[in-house]
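Here is the structure we will look at, set down as structure tokens.
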Amino acid sequence: AELRQFIGNETQRAKIQTQTHSMTEICWTKCIPASSKGNKLDSSEQSCLANCVDRFLDLNLATLKHLSSLRN
Amino acid sequence: MDSEAVKKAIIKQVQLESNMNNAKQLIEKINENCFQRCVPKPGSTLSSSESTCATSCMEKYMAAWNLVNASYVKRIQQEVHNNGFAT
Amino acid sequence: AELRQFIGNETQRAKIQTQTHSMTEICWTKCIPASSKGNKLDSSEQSCLANCVDRFLDLNLATLKHLSSLRN
Amino acid sequence: MDSEAVKKAIIKQVQLESNMNNAKQLIEKINENCFQRCVPKPGSTLSSSESTCATSCMEKYMAAWNLVNASYVKRIQQEVHNNGFAT
Amino acid sequence: MDSEAVKKAIIKQVQLESNMNNAKQLIEKINENCFQRCVPKPGSTLSSSESTCATSCMEKYMAAWNLVNASYVKRIQQEVHNNGFAT
Amino acid sequence: AELRQFIGNETQRAKIQTQTHSMTEICWTKCIPASSKGNKLDSSEQSCLANCVDRFLDLNLATLKHLSSLRN
């Protein structure tokens, strides 16, 4: 049972990581311009990335809602 | 459960999974393409014009998928009819 | 036998759907400009999509023919 | 080896593979995105400005990954808290 | 069938599948990249300039694949020679 | 043992081919402009492709070194 719990957690962690890879790529292009200087993200890049994740997930939810409204 | 019932159950399960899988792929493509197009600079909320764009984008993307699928199936049928094989 | 037929059909349907996903993405970019208005595809967008599928498949066939001519 | 030790060994192995797999994907994405950005016209060596760009790019890409991951996990927790389910 | 013959049959089958798989991937990439490049606005037939572009594109894409593959193999051999390991 | 060796070689060959597909696509875009004429690669396109592979692998190595330096 303990092991089954562990496998379930790991599966979820793997899904989250895969989705993180795909959102990082999308948000990198939107938020970090080629002209970005230095070795660290500046504060506007950081807030753009956080917003990018939240708006991407907003849009995901909107798509799911819209599709389920079409089905009914 | 007789063997006919087992067969029907398998068929139903396979179709269900296939449809779920297809829907999942479609939703993924819609999210990527419509986010790309409708949210050029992500802000602290989804603005109303971004939402409107997204709804319109997803409806048109689904319509495009259906049209592409129909054109593709039609073409396969033509090829089978003309050459006796699918490409 | 009936079940085998069913599995064969389902496999072909899955292939067609996967190919449809990839062509839809390619043809979406070519045929539906970011400036496209409204919730429906207009008639020029529709004919562009249908042409896009047919020309993509024409090119597929041409590639296959060209490759087999190279082999002989 | 008792069953507790076997369990621990399995857990360790699964975590190791999962972490390796994640690192591999991250390295792949870094290489693709930073090569695209830092080496527009490949010459006969990596110039020093290309190298500098690449180091800075990979550090920022990793920072971006961490930030995106943290934002995503936070959002999932909010959704679970508000609606009792993850999206 | 003796065991030597079985071994040869397995080897042949594996090589065949590997080559088919590689050819399939190459054809897919050629179609995507050359369609993108040669058919900017799909019309009701493939025009003769689109066809010419496509033939030239696929020949160059295959040549590029071979050159990239050769450069890659050469580099791996250098790394093995210099460091005793492949990267 | 002979068979195991063969399987090992085939696995490596498959990895090399997969990586070749991905580098060809990246380097094609960088080195072969849409305006490229003729059915053959010219010499500047050829040297661009060879350089592209080598610089891509340089960058791969640099990433791996940088990551392992971070870990220590």
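First chain written, first letter: the chains are A, B, C, D, E and F, and each begins at residue 1.
In the analysis below, a residue touches a chain if its C-beta (ideal position, glycine included) is under 8 Å from a C-beta of that chain, and two chains touch if they have at least 3 such contacts.
This one's a predicted model, so the numbers in the text were calculated from it and none came from an experiment.
Counting hops only between chains that touch, subunit A reaches subunit E in a minimum of 3. Common neighbours of subunit C and subunit D, by the contact definition above: there are none. Distance from subunit E peaks, on a Cα-centroid basis, for A. One of A-D, D-F or A-B repeats the interface of B-C: more than half of the contact pairs, counted by residue number, are shared by A-D.
We define each chain's centre as the mean of its Cα atoms; on that basis subunit C and subunit E are separated by 22 Å. A separation of 12 Å divides the Cα centre of subunit E from that of subunit F.
Taking each chain's centre as the average of its CA atoms, subunit B and subunit D sit 29 Å apart. Multi-chain contact residues, meaning those touching two or more other chains, occur in subunit B at positions 55. Residues of subunit A in contact with at least two other chains: 27, 31, 52, 54, 60, 64.
Taken together, the touching pairs link the chains into one ring where each has two partners. Starting at subunit A and stepping first to subunit B, the touching chains follow one another round the ring as A, B, C, E, F, D.
Subunit F meets subunit D in the complex at residues 22, 26-27, 30-31, 48, 51-52, 54-56, 58-60, 62-64, 66-67. For subunit E in complex with subunit C, the residues that touch the partner chain are 23, 27, 30-32, 34-36, 38-46, 50-51, 54-55, 58-59. Listing the residues of subunit A that touch subunit D in their complex gives 2-3, 6-7, 10, 13-14, 16-21, 23-25, 27-28, 31-32, 34, 36-41, 45-46, 49-50, 52-54, 57, 60-61, 64. Interface residues of subunit D facing subunit A in the complex, by the touch rule stated above, are 7, 10-11, 14-15, 18, 21-22, 25-26, 29, 33, 37, 55-56, 59-61, 63-65, 67-69, 71-73, 75-76, 87.
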